[in-house]
């Protein structure tokens, strides 16, 4: 009898029960103000992961050595962000209740809110470490509260002041930057001062959220709102490794790849490589 | 003193007051289930219209001879289809109350519902003539009532049985085709039997809605859900002319161009040319 | 516990045992003389099949009504066509020995040789019906016997004269056309005279092989060697339906989509729709 | 000793002396009003000709049977159309003076004026047969007399009324269409009535100029100003064959491929195939 | 009554009278030797500016705080560079005579000559600060004096030796580099030594011209002649800020974006962001 | 009489006899596991070299000063790597026997094996300096010994331990990295420690092989398997210059450009510029 060849993110073929980490896609881009298309990211990353090796020479570790269950993509509707967030929250809650780490691949950045709600319920003392080009601190966008430009503001409403650490921020409107001064720690323009986050999260559960547009568009053009002046690949890789090896990450996500703006395929390859390094660091 | 060069759809530079037709863009694509991007259509059509002539040798008429006000694009939010439809309805209502014809350029097909609501309020006896590859007759999509796959079903709820005439339909699920049999006139696969619509709309106000994917993807690849087996350009052009010259069109729209899936630019050029022919036929 | 979302060609989620048809990908393009890339076709078709409906209004049938097992893609090496063909032959043989129909999605056209060898072993009286722009009748290409330009010549070596029926052929070198006159039935330029094939195959097992470049490049640009002057979508669809409903197809394949030359995605959508119609006709 | 592999249009490797036809590229696009890029056409056609066969099953002839010298591309400046035309005229004159047929590959349509001047000097009784989507009959464009929108008007100034036969025309401004009525024969929209041209050119030398945008953009998207509603490939191929086999062509050209708007490569392949058929028909 | 939505560069909606800066597009690319397409730049930059914020966190300034009139694009012919330059000169002269700063967006680099002529007439003591990958110092190109490869040489003819300061230069032919030694200040390969320009222009009017290909093609692929080894985004941004804050800029331009070679859209986004920073620094 | 315009890599128009270097293309990509297309590289590099200058300001040298014969591309079959390597070996041997330097442009990296065999026969003491993102040290790939992932392992079988110097390596499987420790010198992640190679090759003949994916994908996206974290252009240029000026290079190659994944054309431009610098350094 012939068996089905099943496509996972490369090397992530553990069963749910045995897995320490559960990878899932959240292919939603319904609140994006500018260029949509992040809905295609999780499938693209999974398909293109076969151009990657499972072994990381940076970490001298191999995906074959760890246990990850890739549960595929959630089936999400469009046009109703609230319901999308509920479904993501349910999924993340179920993973967390099994004492596993949810590793979500967006989609636009709003999906973070769903998974974060689940994590914050289980871990009330949770902190957020946030890599991004944009503040994502708007109170609303054209009157809507649920938007990828507002997602960190919504998370702040759950956990309050002084618990969010932002890196790489170089775009937003003036009121966002003003607001940030008294509510979050924001490291503008680059990925320096990571010890502030690590110290601020010591012995506490951490939600790590990575908007890939923190990378410079030279190495990551495939995103909805590219912002020149970002981090290089090695810079981001090293920052992530530092944070992950010195914090207690209980949930994480990687967002905002938009494959249709990536005709050379490099952005998708970068996203896959970052995910490999993150999985190996958890 | 130097004047601003203002970009309109070519030849559509009348002021609101003098215009018989008001063209406006509705750049929304928030409920699209598959490939988004129709939000970019009205801007692309306007910009690329400069590759068109204002003169139609088919009709021996020139846009210079008629009066169209191009009011630009509406500023629409994402993530809240209900509010989007309200804004479109308001705009269309204001145009209709000035006894002008609203000519909307989408966006995804759901935008039709906003303009149609306004038209149906002013013209309770209104009929719909609908060119499309898809039935758009779903009751809901993943639980949502407002979706580009449901838009004609929503319009039917306003006007009821026997008042919608569909042409070119070649895709949908089985229940949609079953439902259609007793509620609408559906001409499958091609644009024949147009006299059924013309006779059925005689002396009545008509809303004409054109989903450009009724065209074959060979000539119109730039759309979210291309469906092979569609109409050729001349076939559609002639069908539209026949309908428009033999009906009382009180409002119309052209939808579902997705310029980012149109790397050669041909689809945008086709959309512009169809719009020119329609403007000259109104 | 969370279950894996498994990606099949839409509606093809039967288990091997219950299936009547077994779909599998053969992602090989190693002998292509001009533009490679058909190795990406089966994955692309599977992923993009979610833009299709499972229901065919042409046939009034639904994929939900039949049983197809999509076993995914074979894991094929590059650089050694002989071994690739052996693996394909083994797979097809196993499907045939379970009395199921192998439905292979290439890859380049050479993959046909592997599946045909298996079919010809089980059905020595087998005939071939072949849709293509190219003769594929070269004796060799730059000295190589195994090439996508020679595949039908290799099949002929197995079954001999008068058993191959070719349609749509419009490209090849002069010796191929000369050779064809005394060895195969070739209908040049179009898809007419299908009754010759149907009559010639009456009561006999048939291998149906479809090189998608038989389609005109206007509707199917995404292929290695586009040849203008081909069939339209409806023309091919109707020809396939006629042949399949009037013959005893014991195995079939669909080849030569090259997704990276299909920036609008239309070719992949066409391939998926053709496959749906073929599955529903078997 | 190792020899240079020289790239010609496939099968066109005769020396100048022995050739009956001389093929040359005129890579100029300096007066294009909308999308430039035809400068890349001759190189692209030559490079992609290796995807073609030298044999035509339509004509049952092979490029191996005829003698064509491919002299490569002229080295043309940009920014000075007058000098470009002079260089083209010189080249065409030298070919004509050796009693060979110049076969020019543009570039934009203005290049025709250079070659036509040479042909009209040698053959004062010359006629023009012109396939195009556009009239090219403007007296000037933004004040310039030398423009690809004016090239046939400039040719008319050399030979006068009743000597130009236009086919496929479907775009222009109203004055062009008005002017045409009393100065040229114009067959609008399609390629019918070819006998008018053939009869009008009987026993006279003919310059054949083909603007490839006469083709429908479905099969020929790669051009600066695509105009829907054009001819299919077989329709054009048959029209060209009819005209060429029934006229005395002394010079010809093929223009307006713009390869960078042809991401699938189909337009370049079509141009090459048309050129092969034309070479075999001369 | 409904008002027209007018598209400006984001935040540049002042009227002419109140504006301190006048932005205009010069969409000309008629002398480009290699890849054309810069004619599409100003429209693309304006359209894509809606993906930008009006606020710069680098400068802590907002476009809402300054007054810029975006007059749209000039209507320029092709095929006659001399007339194009005249029209640009007239426009720049009118802006300068109203004591405003002309901010031109090309187009190819030759457009600088038009605006510079106007500026040099009003400010005879003017200097040029020039960022570019190429010297642009050819005496002529294939015999033509007006070419984007010669534009700075033409400017030198107006103002003479020692008044032009070039940065980032890494391409040209040997005679250009030789000539430069005795006529201009050239800082090769990078953007160091900016104090030479600032000191050399102290208390003098300065024309700042930015050829965007001074950027490395990794961050700015969308240009006609990409030259590896260029500046990063932050490097250029900081250099521009230094120069602009320490000089008396009376006119400036930004050139050589070619959007059709920018399929990810990153180059256009970079151009827009550079323009925002420059506007905020003037 | 008109002469043929022959296309060489810019400035490489010497005859074989007078040339010191012989450039040739090896357009093969038949063993590539992931994305093919390097077969198009040599033609693309040659065609796009006309966007380059012949003069290098880095080296202050000009291609006009040296003698290079560009013999065009080899005519290679697909599907039989062994025969391809034989043809390459023959060609390289003939160049070497004329005491010239073979400069091969791939194609995939496997082509190196053919040229290296010829070089190692003439120079038994030969060493290899190897720039690459990948180890290329697999013993086999899916059972095949001849693969672009195994090419350096095959070269090692010819010359043995301690004679291969690798730089920039950042991808491979764990066994490759383990194996490397005792058989080759591998400088991971960057291009430092070049003196190890230079010292190790002192007074010995050197084969230099450059896999262009050693570059970061930001500046070189157009390759089959892009690996983030690579070298910048200037970094690679300087490393190559250092090695070439301090070693005795007897043969070299440049591989793995895949132009169809390079929609902006930047990768091809980079490859051409690197080749120019290498030619001027030999």
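A, B, C, D, E and F label the chains in the order they appear, each numbered from 1.
The definition used in the following text is that contacts are C-beta pairs under 8 Å (C-beta built on N, C-alpha and C of every residue); 3 or more make two chains touch, one makes a residue touch a chain.
Here the structure is a predicted model, which means the values were calculated and not measured.
**Q** If more than half of the interface residue numbers appear on both sides, call it same; otherwise different. Which is it for chain A and chain F?
**A** different
**Q** Taking each chain's centre as the mean of its C-alpha atoms, which one ends up farthest from the centre of chain D?
**A** Looking at centroid distances, A is the chain farthest away.
**Q** Suppose chain centres are the mean of their C-alpha atoms. Which chain sits farthest from chain B?
**A** With centres defined by C-alpha atoms, farthest from chain B sits F.
**Q** I'd like the Å distance between the centres of chain B and chain D, where a centre is the mean of that chain's Cα atoms.
**A** A distance of 38 Å separates the two centres.
**Q** Which chain B residues touch at least two other chains?
**A** Expected reply: 75, 216, 218-219, 263.
**Q** Which pairs of chains touch each other?
**A** The list of touching pairs comes to A-B, A-C, A-E, A-F, B-C, B-D, B-E, C-D, C-F, D-E, D-F, E-F.
**Q** Along chain C, where are the residues that touch chain A in the complex?
**A** 1-7, 16-17, 22, 24, 43, 47, 69-75, 91, 94-95, 98, 263
**Q** So in the complex, which bits of chain D are touching chain B?
**A** Going through chain D, the ones touching chain B are 34-35, 169-174, 177, 188-189, 216-219, 221-222, 225-229, 261-263.
**Q** Within their complex, state which residues of chain E touch chain A.
**A** Touch list, chain E to chain A: 50-51, 53-55, 57-58, 60, 62, 216, 218-219, 233-234, 237, 263-266, 269-270, 273.
**Q** Touching residues of chain A toward chain B in the complex: what are they?
**A** 29-33, 35-37, 39, 75-81, 83, 141-144, 146-147, 260
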